[in-house]
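What follows is a pair of complexes built around chain A, which joins chain B in one and chain C in the other.
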Partner chain A sequence: MKPAPFGYERPRDLQAALAVLAEADASVKIIAGGQSLGPMLNLRLVEPELLIDIAGLAELKQVERQGDELVLGACVTHADIEDGRIPDVTRGAMQGVAGNIAYRAVRNRGTIGGSLSHADPAADWVSALSALGAKLTLRSLAGSRIVAMEDFIVGALESALRAGEIVKTVHVPAMPASAHWGYVKSCRKTGEFAHAIGAVMIDPSAATARIVIGAIDSAPIVMTDAAELFGGRVAGDYKDRFDSRVAEAILARAGVSDAAHRHIHVNVLKRAVREAAA
Partner chain B sequence: MSMIELTVNQRAVQAVAEPRTNLADFVRDKLDLTGTHLGCEHGVCGACTVLLDGVPARSCITYAVACEGAEVTTIEGLDEDAVTSELRAAFTREHALQCGYCTPGMLVSARDLVLRLPEADERAIRVGLSGNLCRCTGYVGIVRAVQSVIEARRARDIAPEPGGERKILGPVGSGRTVRTGADKAERISPASSKQASTEALSSVDAFPDFTPAAVLTQQFSVAHSPEQVFAMFGDIAAVASCLPGASLTAPPNPERVEGAIRVRLGPIAATFSGLARVERNAADMSGRIVGIGNDQRSRSSTQGEIRYRLVPIEQGAATRVDLSIGYTLTGMLAQVGRPGLVRDLAARLIAEFAANLDRRLSGTSPAAPADLSGMSLVSGLLRARITRWFTRFSSRKDGAA
Partner chain C sequence: MRNERDFPSADGAGAGQGVGARLPRKEDDRLMRGRGQFVADIRLAGMQDVAFVRSPLAHARIRAIEVPERYRASVFTAADLAGVRPIRAVSGLPGFKISEQPVLATGKVRQVGELVAMCVAPTRAEAEDIAATVTLDLEELPAVHDMRKAREPGSALVHEEWGDNVFLETNFEVDISRAFDAPIKVSREISTARQCMSPLEGRGVVATFDHRLDQLTLYSAAQMPHITRSGLSECLGMEQGRIRVVSPDVGGGFGHKGILLPEEVCLSWLTMRRGHPVRWTEDRREHLTASSNCREHHYRITVYADRDGRLRGIDCEATVDSGAYSSYPFSACLEAAQVASILPGPYLMPAYRCRTFSVATNKCPILPYRGVARTGVCFALELILDLVAAEAGLEPGEVRLRNLVRPEQMPFDNITKKHFDSGDYPEAMRRALASIDIGGVRARQRKGEIDGRRIGVGVSIYCEQAAHGTSVYSGWGIPMVPGHEQASARLTPDGGLELRVGVHSHGQGMETTLAQVAHEMLGVDVAKVRLILGDTAMTPYSTGTWGSRSMVMAGGAVATACRELGERARHIGAKLLQHDPAVVVLQDGAVRGFNGSVTLKEIAHTWYRRPQDLPTGVDPGGLEVTSGYKPQRDSGTFSYAAHAAVVAVDPDLGEVEILDYVIVEDGGVLVNPMVVDGQIYGGLAQGIGTALYEEMPFDAAGQPLATTLADYLLPGPTEVPAPRLDHMETPSPYTQFGVKGIGEGGAIAPPAAIANAVNDALRPLGVELMQSPITPYRVVEAILARSDAERPVA
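Showing the complex of A and B:
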């Protein structure tokens, strides 16, 4: 399939991109690497009048460490992270996630900001960055605001982005040395969208656990204090205290009504917990 | 149309192309480099994989206009490449191709693996080739061929390069030009979705019976008696005003409701125009709305029915509305193929409808959402009020979400 005709603009800087976006109506789409939007355009599921290409903007490809967090421009690619071309504050967690997104040819163009903006519940960064406690800077002509990952995704393909706004940077907090990380996804075929994602960051010494159950067809379930999954407290024996029944009940409450799907989600999460403990 | 300048197989080229022309069509149609193959055209099969700024990329979902100034290497440009030459010999030796359609993309991906993988690990090779589909060989010969080349090169002390040849950040192929591209002349008005008419459907007199391809059930409650709710459900214009994105295009009667509903799922927007018929059964406070409609822009059609039953709760002071929504979708939009996303959309639509219904029954006018974009109304408060969301989803296809 070929896309329906669209116009194309490649603004010279972010300010110009935001200006085009602000004057435009709803049938304008921002495109970065285009690895999610491209298929939708080709299948004519999306027929914008105009694409605004931000993939070349140097302002969106900067990466710097600011205090205790790493600030990544939205147009950093999955392969940039996979290959370690940027610094890491997550003790390898982001590198591991990046290396298993889709396929290498896709990772060479697909961007972290684009993936988040697309807000596909089955996308890796949606779940992984929620578990890592990341925040996003959203930018429009009017200014910028910061939104926590868990507030950014509001539903299937729906984010908190307002008209005229784009994801500018991703702020990833440094992972404490005492934290344990686990990330597991279930895909029918390697590289396909996940059917279940479990992302966990557990710090037994601080008695904290951030847990995400992702790829549930709506916004992921983000538990910033997931003690209830471990019988009420997070300690060194959390692997043995993980309570599948609690996870099952949480999924049922979230509307995952198919028992088989819940079973897959619970087991993927259990594996993520085990991976963290390993 | 715009002039696109880039480097293909170390030769500077320029050609005029539309913004929608993908890089694969650009090299095939403008430069006669037909070694790049197109299979699925949505980034899944890998047949179109080329080197963009030295590393693999999908040329079917990369638009040529976005590659201004980039260096493209197609399979034709790898004739003299050392790694590819070794791979060609290995592919021949291991019978790693039959029809050859996947081979150009397969060689580009294999070359990348040979450069990057530290050792000839079979699993890593298989994972690395998972984005290149071959329907002939069963992959065994391909994997062996790649393994043998990696082994041979590592034995010759050629070290892997973890990042390929990439040193800079950002999408490959982009940011290589200082020229900003503006193609305002190309701005095309979208197909006439705004004045979508029901003409095509005006000859429809009977609603054919149908078996929905997908059924989902939902329920919500409102703090008004079943009698009040049932009476309001009889007021078609009132119901339509509560349904986000819905509009009536003619005065309704139960036998014939003409209207449209605009729905949006992320970047996917559709306006279904069509007809509906309303059936009501006062005895058990139930009803059925059956309709058909189409979205001209995506040339998609849908046929659907909503069955409802009103159940008194709280001693008749409030009502639980049990809904069963069945639909069949055909055309472009049916390609979404992710029924779970439709369920999430339906849940949000119903949540908004329930809130509007409640407001209307309480005497306040519904908020006027332009379409179902919105989570604005679906606050935590509202979610709490919608009791026991439970949804069951079944699909004839595979039952999977």
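Showing the complex of A and C:
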């Protein structure tokens, strides 16, 4: 379990990193915390010719509040969020998610941008940030573009990143005071990847709900207007109106063919809804 | 100095260090500070690393192995290993078919991960790079992946020359037809998953050749260095004296490290061929996919009982997936053939039948894992006894109490002639039931849970035969039959004590517990007792550490050697005191007479430095004794424990949480109860792994599907509850101090207790699980299957 030989660059700033990325005529991987890429390299599941290490780039560790949203650099670690070292606009939701990602050793090094770029459907940020309505700034030498979370994750381990592009920042909208948050995952054991995730942000006073079913074999199911799960409308009684059969049908349509898996996903989601209402 | 500060001093009374003392472990000082010396810590000048090319297919004919020209000198295949013989682990049991395991594949590959070529380079990464350039031209053959289908006619054959896939079939029967008219008859199929042993440290090998001694030295993480030496000698065709096996600190064995590895043979050959030291360190993927599988049992079992729950008989067909090869020295039939003799356990029954099959498949060889066969047997028997209880309308605990061997029957020969030395099994069960508060749990169940989970309680009990010796193993005809166990004891010139034993310690704390035995005999401060183990050049021959035998056998040998040493010291001491030897005693580290005493230190000083003061006729053997030991009966000690678990099962998510866990254990006289507690905690963790987490699945092509620890789940600190332990102490009548072997028991009973608790929780839903591990998926699947079955047809 030793990686195949690879080249290694540690650029001094983002511009230099993008330049190396743009110029490389070899297969390239960006490495930040290395918590997923490290094992994959060791198992020789990926054999890039060049690694570009962005873990030292100060620009990617900045966090600032811009109007109604919080902008986090891609190299902010899970532990930075867990420990409250950065501001929060989600009324503790992100802190709660961060504190339950894998194990502390992983959280110390793993980054929010790295997790999203890896696009593992079972990763917490993939589901949680979709439910929070986050957007990402993707940057290349040619410029930058903004992509909503639900458009960013395309499939299992597949993102909308193009060649030459990296995740620069994550934009998290401030959670309205009237919104309810629920996040539940089912793991075989503490710290392992989830086999079912339910992430919900429900605002009964605005009659809106963002509902995510995650940790399926493809991109998470993101419902930006989830009224159908609650009998057609989102209101104060949403907890009682949650319809498991609709959730079940949505999962079946998404290709989750195994009844036991669907059953677990539906119940995890139901608990997330209940947690939001609590 | 450190030890003298940390340990109760022997000065004064000398109390608190002998048999029964809860001493902290001496070895933990280095192990807990990261100063242990494991195989992977060894650095030798000029050492190079080895990576293996392993078979990517479960079953294939090798057409060609292509090595790029530039690496020809660094890559070795079977064709290079002229004169190296395959590993042959035979058994003398009638009908046993012999497999030959080439150390590098020849002709065919029979499992994923089988060694095909050996690549050597200055670093492991470079060796892996070379391995990646070797291409295998393989003709894939149908894989034998299901042990039950493997017995059907027309199955592909793992070893063509056999004509079938059965290593060994056995049959044992006592009056089974007399049970057939019993009013209660329950039949089930019950199975345990294939597992990986997963010690913290995997295997590792460093091989080097010493021309001065004309000796190959093999450093290996091994439980049984002397047996490894015998195996190497057979494969390499070298005299045993030309081979030294050193096993340094070992990070957990559990049976996995009792096996002769093809890698050990390969590296031994390689260092002699290349003229420099070589190293191979098993990585976790190799560990999971290529070598350390265990536990895969299937039972078709029927229990006959009277209405009052009393057993009339058990009828069983057990199949064990033995994998592709017979492992040295225990052989491929260790598990299945034992099942027939140990299934009845501590229960009374007038009739019994068991057929067993050890089946070859295209998977890793099955290896003995802590509890060897007993975990599966306990799972099968204890699960089906709960169904007898349900049929009889009795509490499961009550069914046990009505059928367990009673204390007044001891010593007791059960229906398979296992000789139980001592114990009160019903009392252990009664205490477990009381401690788990069975009445309280039943009341809680009637009330129901506010969170919708279902509560269940389960019990299990087992016996652990340990330190069984010549009379048991001679019949097996395997390459290793234990006889007497030896130990050497030597007083150093400054009054310290050196002990040399052929068993090894890989987490059991024997550097402490054997020192306690010596202290018990001689009164030497435990801090001044040094254990030397794990080196064929420094220790008496021993079959090593397996079968929970070390405290009984090596403990007995240390006591015997120390007793003889003490006698010699007493005679010297008497002379120094100017007494008749008949009137002096050895007590608390000194020889004492009417009006004075002389310490062992002074006696040692006299023997080594002032021999002019020795009595005439002194024993010329001096203060160094090698002596041997066997218990009065070598049919084994029987320790046992009753386990009881309370679980909460979440029917929505399938999750199982252990709310309470009780263990009432009887290991005879405990040399160090704290070390025993540690053994039980560790065993429980492994048992919980078997019950709820660990599984090595294979697909129909024989590919192992759990190749990293993200797929192969081991319980961690958050999954293992703190059990409540209760010790009983029934001495063995046959052993020194009345000790019994206890090393494996912790891992035997938990899967059955937990599964019974889960089934107790789900029984009102009409759901039962008869397969380990009990995963969330399996729980939900079983519940859904039941509700489908009950749904009225529209």
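The rule is simple: the second predicted complex is superposed on the first by the 276 of 278 C-alpha atoms of A that agree within 3 Å, B and C clash if a C-alpha of one lies under 4 Å from a C-alpha of the other, contacts with A are read in each partner's own complex, and residues count from 1 in each chain.
Just so we're on the same page, a residue touches a chain if its C-beta (ideal position, glycine included) is under 8 Å from a C-beta of that chain, and two chains touch if they have at least 3 such contacts.
What you are looking at is a predicted structure, and each value in this text was computed from that prediction instead of being measured.
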| item | value |
| --- | --- |
| When both partners are placed on the shared chain, which of chain B and chain C touches more of chain A | B |
| Partner chain in contact with A:S186 - chain B first, chain C second, else both or neither | second |
| Touching partner for A:R65 - first (chain B), second (chain C), both, neither | neither |
| Which superposed partner A:R44 touches (first chain B, second chain C, both, neither) | both |
| Touched partner set for A:R145, first chain B, second chain C, both or neither | neither |
| Partner chain(s) touched by A:V76 [first = chain B, second = chain C, both, neither] | first |
| Partner chain(s) touched by A:H263 [first = chain B, second = chain C, both, neither] | second |
| Touched partner set for A:S27, first chain B, second chain C, both or neither | first |
| Where chain A meets both chain C and chain B, residue numbers | 1-5, 39, 43-44, 189-191, 193, 195, 261 |
| Of all residues in chain A, those that touch chain C in their complex | 1-5, 39, 43-44, 186, 188-193, 195-196, 259-261, 263-264, 267-268, 270-271 |
| Touching residues (chain side chain B, partner chain A) in the complex | 2, 18-20, 22, 25, 41-44, 46, 49, 52, 55-58, 60-63, 65-66, 68, 109, 112, 126-128, 130-132, 162-164, 166-177, 179-191, 265-269, 297-298, 332-333, 335-336, 338, 340-341, 343-345, 347-348, 373, 375, 389-393, 399-401 |
| Of chain C, residues touching chain A in the complex | 123-125, 128-129, 132, 283-285, 652-655, 693, 707-708, 710, 713, 715-716, 718-719, 775-777, 780-781, 784 |
| Touch list for chain A against partner chain B, complex | 1-12, 16, 26-27, 29, 31-35, 37-51, 53, 55-58, 60-61, 63, 73, 75-77, 79-80, 83-86, 102-106, 108-111, 118-121, 154-158, 189-191, 193, 195, 216-218, 255, 257-258, 261 |
